[in-house]
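Labels for the chains are A, B, C and D, by order of writing; each one numbers its residues from 1.
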Amino acid sequence: MTDQLTTDPTKPAQRMRAGSMVLPLTPWVIAAIALLILPFIFTANSAITIMNQMAITIIFALAYNMLLGQGGMLSFGHAVYAGVGGFACMHIINNDAFFSNLPLPLLPIFGGLFGMGLAMIVGSFSTRKAGTVFAMISLGVGELIAACSVIIVAFFGGEEGISGDRTYGLPFLGVEFLQQIEVYYLIAVWLMVSAALMYLYSRTPLGRMANAVRDNPERAEFLGYSARWVRFYSFVASGFFAGIAGALFAINYEILTEENLNTTQSGIILLVTFLGGVGFFFGPILGAIVFTLVQTVLSLQTELWGFYLGIVFVVTVMFFPGGLAGLIMMHVPAKRLGKLGRLGLPYLKTLGAGALGCLGAAALIEMVFHVRHASVGDHEITVYWTTFDTHGVLPWVLAIGATVIGFGLARATAPGLVAAWNDANTPDGAAR
Amino acid sequence: MLKSITLGVATALTLSVSALAASADTIKIAFIDPLSGPFAGTGTNGLHQYEFAAEELVNKQGGVLDGDMFEIVAFDNKISPKESLIQLQVAIDQGIRYIAQGNSSGVANALTEAIDKHNRRNPDDKVLFLNYSAVDPALTNDKCNFWHFRFDANADIKMDALTDVIAEDDGIKKVYIIGQDYSFGKAVAAAAVRFIGEKRPDIEIVGNELHPIGKVKDFTPYSRKIVASEADAIITGNWGADMLGLGKSVLENGYDGPIFTYYAAADGITAAFGETGEGSLRLVAEGQINPPANDRAAAYYEAFKAKYPDGNISQARITNVIEMLARAIDEAGSATDVVKVAYALEDMEHESLWGGSIKMRAIDHQLIQDVHIHAHTDDGITFDYDNSGYGIKVENTVTMAAMDSETSCKMRRP
Amino acid sequence: MDLILVNLIDGLVTGLLLFMLSAGLTLIFSMMGVLNFAHASFYMLGAYFAFQISLALGFWMGLLIAPLVVGVMGAGVERYGLRRVHQYGHVPELIFTFGLALLIEELVQFIWGKNQMPYEAPEILQFTAFAIAGNSIPAYKIFMIFISVAIFIGLLWVLTRTRVGMIIQAALTYPKTVEALGHNVPLIFMGVFGVGTALAGVAGVIAGPVLGTFPGMAFVLGSIVFVTIVIGGLGSLWGALVASLLIGWITTFSKAYNLRMEDLLTTLGFTKPEPIWDSPWRDLWSITSPQIADILPYILMVLILIFRPYGLFGKRDA
Amino acid sequence: MTAALQLSGLRKSFGKTEIIRGVDLSIGRGERHAVIGPNGAGKSTLFNLITGRFPQSAGTITLHGEDLAGKAPFEINRMGLSRSFQITNIFPKMTVFENVRCSLLWSMGYRYNFWSMVGRSRALTEGAEQILEQINLTARRDLPAGVLSYAEQRALEIGITIAGGADVIMLDEPTAGMSHSETDYIVDLIRKVTTGKTLVMVEHDMGVVFGLADQISVLVYGEIIATGTPEAVRANPKVQEAYLGAALEDH
């Protein structure tokens, strides 16, 4: 049940006929409306800042997935393309003569071009091979440019980075982008445009061949395509959209620093994309939304958020290589058969028990951590809005109990879930 | 610690609901510093010092105005400028008017600019930036603004004091300057060259170099150069693992002169240096810990240790921040009109808890205070660091250091 | 002249330490075709375990036990993690080890906290072995050289003189054939992974007291180890040795001598733009060799990958 | 009239071992040419040399009179030569339809186009459906290619090979590992889709060879010992001695 690619061969999926394929508009319209009304629901400036951050991460993750998911190229240094695009934009913002004649909403184009330019230079030698060589070159180049950021102060501004003021651009329809909300809509528009372009790109001959080269570069060569150039163009396109993300970062935060370039940032975008799911276009979008929430919200709740994230990531790679999107799309066959409902109860049983187990385990982890690292005499801890003494027996019994019972129940009910799953994925009356 | 983070910060996205102005009876101060990641130790210790100072020095004294209490609200910026800006936004949305930050001049640069822009664009909810630790001289020079107040002596002032001591030591003929390759490291090096040139032109600077920040695995090659240069003294701005690595490496490889530095105390470093650092490490800092300047300071430190047995008062200036802010709010008669509070802070003179008088210079918002040269030792230590038996003891003092120093700050006042 | 000798010794120590890490990594890569991103994390675990053991039983027991524990953990990771991910292909494998590296770092912080551990060299080795022109060479460094050379010789012996070694050697060049010959390849994989990680563990045990035992120690060394084996040639033990020493000496010497870009450019006939602080090239002119010492290996790697993708000694293309 | 494919003095060594030891061969347009020979004779190596997978050590290969030396596989493909592989070589994660459509892209002139939608092109869709029709996989068009049965995958591979419209088709053991009924099916398929094209194939199954080829070359230890019509080759005593006996024992 882990591999979303194995479909029952006896039942051809009713996919949309490729010949009549136009951009399926519904999800895009919903997304546009959602983007439009979100600021009316979450009005606080900080909420808008977080949504901006989310949108930027989405664009970046989608750009990254053009490489990882669609092109099969694993990059460990993709942050540099976004970063360099952003830095270039910051220099444009600081160039008064030019910037005062440039409407701010057009700035991301320049970011894209600079990201693309750098990608063309690096891609000219890094895309000759896929796989390990590509990954290693990307790591090497990433480290180099990140290290340069503190050496080449003229461009990268050293450790404190460079900053500017977005409001000095040519007013656009009377808007000077003084307020976060104005920036939000600017970013939202660019999010829609970039996402649509990237989606459409995957439907072009080059986009299709990127998939082909990913799956089987040798075969692609015998179809008349140079695997190297297909990779190169994917890489350049990805660099362009990464540059746009960088430019939007520059607009939103008005500062760029070394952290926009370093390997941590590159690692994060890999994590985001993979958690979301590389197999589907919307995977990275999910990943970016979930990750940003985890980073900003969970990190307020617990110091150990990185630890939990690490566990989730490793578990995802091991058991759900399709990521979140893969998990969701696994249910499509059952839905087509109209039997999704049959999964409800078994899910509730197993996942409910599993969730109890996870909560118990998390409480246990927090308590262990607290006992080990809290300052002497500090025995109080607050977990799940309850404050208690970590040196008492009861909390430990409760937490261990919840963990054991939760995972035990999950294990006990798992066969039922598997049976229900098989049932839901089998057409009624099919002989098996 | 968990408690303190969760306390003030409702989940970020539901803030729209909770984004009410600060209630009348608490004055919130946002503490934006690393509470997770490699610098969490420093950040957490700073947070404890803030919480303790607010409690002891303000709340237990009856608060400010009509009994309003101080409340420290912690925000984890993971020492990232980007995260800091997000947390700043969250803090402002919660109606917080006072932002305290200290770790990393990079973050401080980002915050001061963001706050300047915010106050220009949102005249209705202006905020003040209480910088208690970021010492990049630019913050009170080219990059100064009306909303930023620095309570630590900046890198130049400290170097001025440090070189006063070096100038008096006739045994020092050769000096080696080494630092991290970024703004602060460069500022230290430039100041050292300048002041030594002014005060002791006969001292030869036998080395002046930068190394990558946080990337050096093994300082041995640097130590070899330093030993080979026969330097009598080392000046460095290194901090954290770079300080520990450099210091231990030079001492192990045959160097036995003094190491003049800014940050080589507390947060595990004092313990890690232990006996090795005895007789070599010289720290420049404000705030006299050993011997205690007065009974009040000793009592305060003891109370702090009683509450946080593993903690250190490593940033004495935090009490100045709290006391001066409290006085300024009282003088201004309002905690919400930050312009008034800022004017009240300007030129404020104050008796520091740790001894000596201090003054917030109006022209650049740099606090002028006594700067001490401390020795790392286990002799005569009343309050040790890291419970290691070792601590820092005042050896020399420069009163009201750099009182008349020049500044390139052109302050625009509202 | 004396300083050159001192730097040669220092560089040798760095290089040999790097070799202990890269030897295991390159063995693992040649057998399984996967670059273990978490390799340096096992090095870190080695240091932490040894520290913990040394508290109770002393340094020497730490040196003995910690690598074994790390090796067993490594074998466990192969058996229950990598083998599972293997079916999805190479990219997920690489991502898995990347995730593992993150997780181990978090785990170490969870258990031991974020501060540096007071892990020290044993008393018996805390003296100056000899001094050259005022530069003391600590006895511990001589001990490090001794251990690494012993391990290299041992490894060479196992690989060239024993049956298991023959199979592994064969697998380096013809992985598929060895499988076809009916050897229990999964077991060999697990064994090689265990031994490789145990080697990293040894490196951690002996490097911990010198380079510091802190949660970032894996990250600091992590990528440089890949660089080493890529430069040396993936799968080549000799390549790993040569590249390790090369990197050790390059970084040591460029830190120990202040070569200035300004001198180089002037020699090449460029004129320094005046005023320098206003020129867009100011940063190029002010570069010194210590500043860039730690990124030299990356430059070297990128050049190698462009011009000789199979590395200095590699036979197979990555 | 130049030959479709001309090999002269072709040699290939791996280290000290010479695998192809001077092959001269001329394959005319429209010819159906089978290369047979015992295991290890170098048939696959010969294929790989022609299609640019390996560089030759000596000799020349010309396609329609043009020298192929130093050309990459994709360049050779663009010159009108297409091949299949001994081990099934398709895009397993993409749908059957996508597999075929990808193989049409270059020949339809899309090159590295990133501004038009593949889904919008009627020519592409119809072209691909026509090929699917030919290889009888229309019913499977939306399945991932990886889940097809072995024979279907082989058929798809042949479909991909011919889709680009190349006039020289090279098939490397198209019926390897198939049952009798599957073999018959594929032979019919090959005959149908290669009408009017030059066909070069390596094959072990003599039934297939004699059923499809009108010219046969026998490759033994890197040398061609006989070339001619099936009847002539069958009657050639040298061939009988060197190859057929051994091959018949094999099967």
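Definition applied: a contact is a pair of C-beta atoms (placed from the backbone, for glycine too) under 8 Å apart; a residue touches a chain by one contact, two chains touch by 3 or more.
Keep in mind it's a predicted model, so treat the numbers as computed, not measured.
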- Item | Set of chains adjacent to chain A and to chain C | B
- Message: Between A-B and B-C, which chain pair shares more contacting C-beta pairs?
- Response: A-B
- Taking mean CA positions as centres, which chain lies farthest from chain D? B
- Grab the C-alpha centre of each chain and report whichever is closest to the global C-alpha centre. A
- Task: Measure off the straight-line distance from the CA centroid of chain B to the CA centroid of chain C, and report it in whole Å.
- Result: 37
- If you average the CA atoms of chain B and of chain D, how far apart do the two points sit, in angstrom? 75
- Note on the structure: In whole angstrom, the CA-centroid distance of chain C from chain D equals 47
- In chain B, the residues touching two or more other chains are 40, 181, 212, 215
- Item | Per-residue multi-chain contacts in chain A, two or more chains | 147, 151, 306
- Of all residues in chain D, the ones touching two or more other chains: none
- Task: For this structure, give each pair of chains that are touching.
- Result: A-B, A-C, A-D, B-C
- Note on the structure: Residue positions on chain A within touch of chain C in the complex are 68, 72, 74, 76, 125, 128-129, 131-133, 135-137, 139-141, 143-144, 147-148, 151-155, 263, 267, 270-271, 274, 304, 306-307, 309-311, 313-314, 317-318, 321, 365, 369, 372-373
- Residues of chain A defined as touching chain B within the complex: 41-47, 49-50, 53, 147, 150-151, 158-161, 163, 165, 167, 178-180, 249, 253-255, 257-260, 293, 296-297, 299-303, 305-306, 366, 370, 374-378, 380-383, 387
- Item | Of chain B, residues touching chain A in the complex | 1-3, 5-6, 9, 11-13, 15-16, 19, 35-36, 40, 48, 76, 78, 80-82, 85-86, 89-90, 92-93, 105-106, 109-110, 113-114, 117, 121, 136, 181-184, 212-213, 215, 308-311
- Item | Residues of chain A touching chain D in the complex | 5-7, 9, 12-15, 18-22, 200-201, 203-209, 211-212, 215-216, 218-227, 229-230, 233, 237
- Query: Can you name the residues of chain B that touch chain C in the complex?
  - Reply: 37-38, 40-41, 181, 207, 209-212, 214-218, 220-222, 224-225, 227-228, 230, 241, 244-245, 252-254, 267-268, 271-272
